[in-house]
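The first chain written gets the first letter, and so on, giving A, B and C; residue counts start at 1 in each chain.
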């Protein structure tokens, strides 16, 4: 699957290298929100989060989904629209999947998608951040588009991340260690802690993604100051 | 490949969501052994280990294989039966591959396979544990079914792990560091150390999986006390 | 794709297990250089590096490419020949991709490619080493041919590694931590530090792979002393 999901493509009518398209948009004087989701059930909040920015006067949103995130947005229920339909939401200018990094065979002087996205973005919000993504990011791994953007991030700009996972995953000692790296050592990260919640299995525990309204507020606040 | 290898499917005659099937089995008053193998040559001991429980009166075994583990069980020799044939061994109720997590598109209130398996299991035995799996587990990575079960594990229950690797892999300093995390910090892990053995290449060295009889004994002991 | 790119195959006329072929070459009294590249733009220097050994009297080169490395050698420009064409360069006896580990279903007493390559090699040079590879290696991960060779390395022999990455990747604090592990703790690694350079985007920064002539010199020096 290529960037068929992108508004960019629609506007221009003909195919253009996704990295070159982003590069051209860097100086369009809008606020640039890079919104990413990983393989957690909380990915279904993404459409709500995007829609809440509908009335924002001057916003451009680009979305990155990990491969696992796409499994939660496959049109299987009313609250789970398909991935291509995300691109039809207000302010969304493109939805990227891993393949988009490699669509055009790289030659010298080509633009590189993860670099252009990082240069374009005023803010990256990772909602939700899965346990696996937390491990990859703190371990320096970058084997897909999202982790490569994060690894190449310009640390003078902020990243908001909202972890979301099963409460046993959350209480595993490795979680606290890895969250502490982001929250205490990497000061360009802002962590929105998960909430304590009655979970589907009947247990009460922490791990569920923080309320999505809170995420929207945190994003608004950060964007206002960029 | 789906759960075609499962007894569950055979018994019910019609297809059912693997996670729902496991959920229903949680209260069947049997002993529940979750048996996993990763991409080491020692994976060929798995059929022997399973068969040694043949006379166990009240045991249910569910098997998880990593993608690399399946390469060692492809019917290429008498001691290497195919993956589907594992499901025909006594007490084996299902054999899971990574794809089984994602067979049914998740919707709100669906069961989740790695969570149900963890709730079902009284004990997880990882025989063998590859060098790569050791690194993923201690690093908090969870990008396949087995590592996701481990990441979401209920730490009040035990995990037995039997590392098996080439002696140079074993003697690399990273091995001791990562084994120490499991053996000393994560007290729900019990590590069965590899043995010193004449290896195929003529070298003598440590790294071969501990004798499989010892693994069977360790499992028996743990199951007895659950 | 199999080892169709290998000289070995051509010479013997009939197909042979790649691991067995390497095993037979261990005692051919040549100098054995294992040359690896990962998914960095600097992979395009690989043909130049190989060609500079053209006049070496008694050298055998085997090449390993990660999956991402192959994207930079796909015949898309004059300086980016195809992967199979690498095997036609002087002294190159084989080019390996991940699939080559698993071509022949393993049975007891089979040779194992990553073990035979490690036994064969007098020196491993990783040019370039990507940020992702740096993370995998220092984290003990081994999920492809190159990382498995490195994880099983005989630490009495040397590994030369030349990191190459975007300057923001380089300046991320995780890079220094991981490079320090290789440079200070794992004394079988020699790190060739990246250079400060005017980058394509106009920025000046460190991260570009060190000059390839310097790499050739470092390899020559090491090989002379084996």
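Observations, loosely collected:
Following the convention adopted for this analysis, a contact is a pair of C-beta atoms (placed from the backbone, for glycine too) under 8 Å apart; a residue touches a chain by one contact, two chains touch by 3 or more.
Predicted model only: the values in this text are computed from it and were never measured.
Using the contact threshold fixed earlier, the set of chains in contact with both chain A and chain B is C.
Superposing the C-alpha atoms of chain B onto those of chain C requires a rotation of 120 degrees, given to the nearest 5.
Distance between chain centres (mean CA atoms), chain A to chain C: 33 Å. Shown for chain A are the residues in touch with two or more other chains, namely 139, 141. Taken in their complex, chain C has these residues touching chain B: 102, 105-109, 115, 118-119, 139-143, 148, 151-155, 185-186.
By the touch criterion given at the top, residues 41, 44, 71-72, 74, 76-77, 79-80, 131-132, 134-136, 138-139, 141, 165-166, 168-169, 171-175, 178, 200-201 of chain B touch chain C in their complex.
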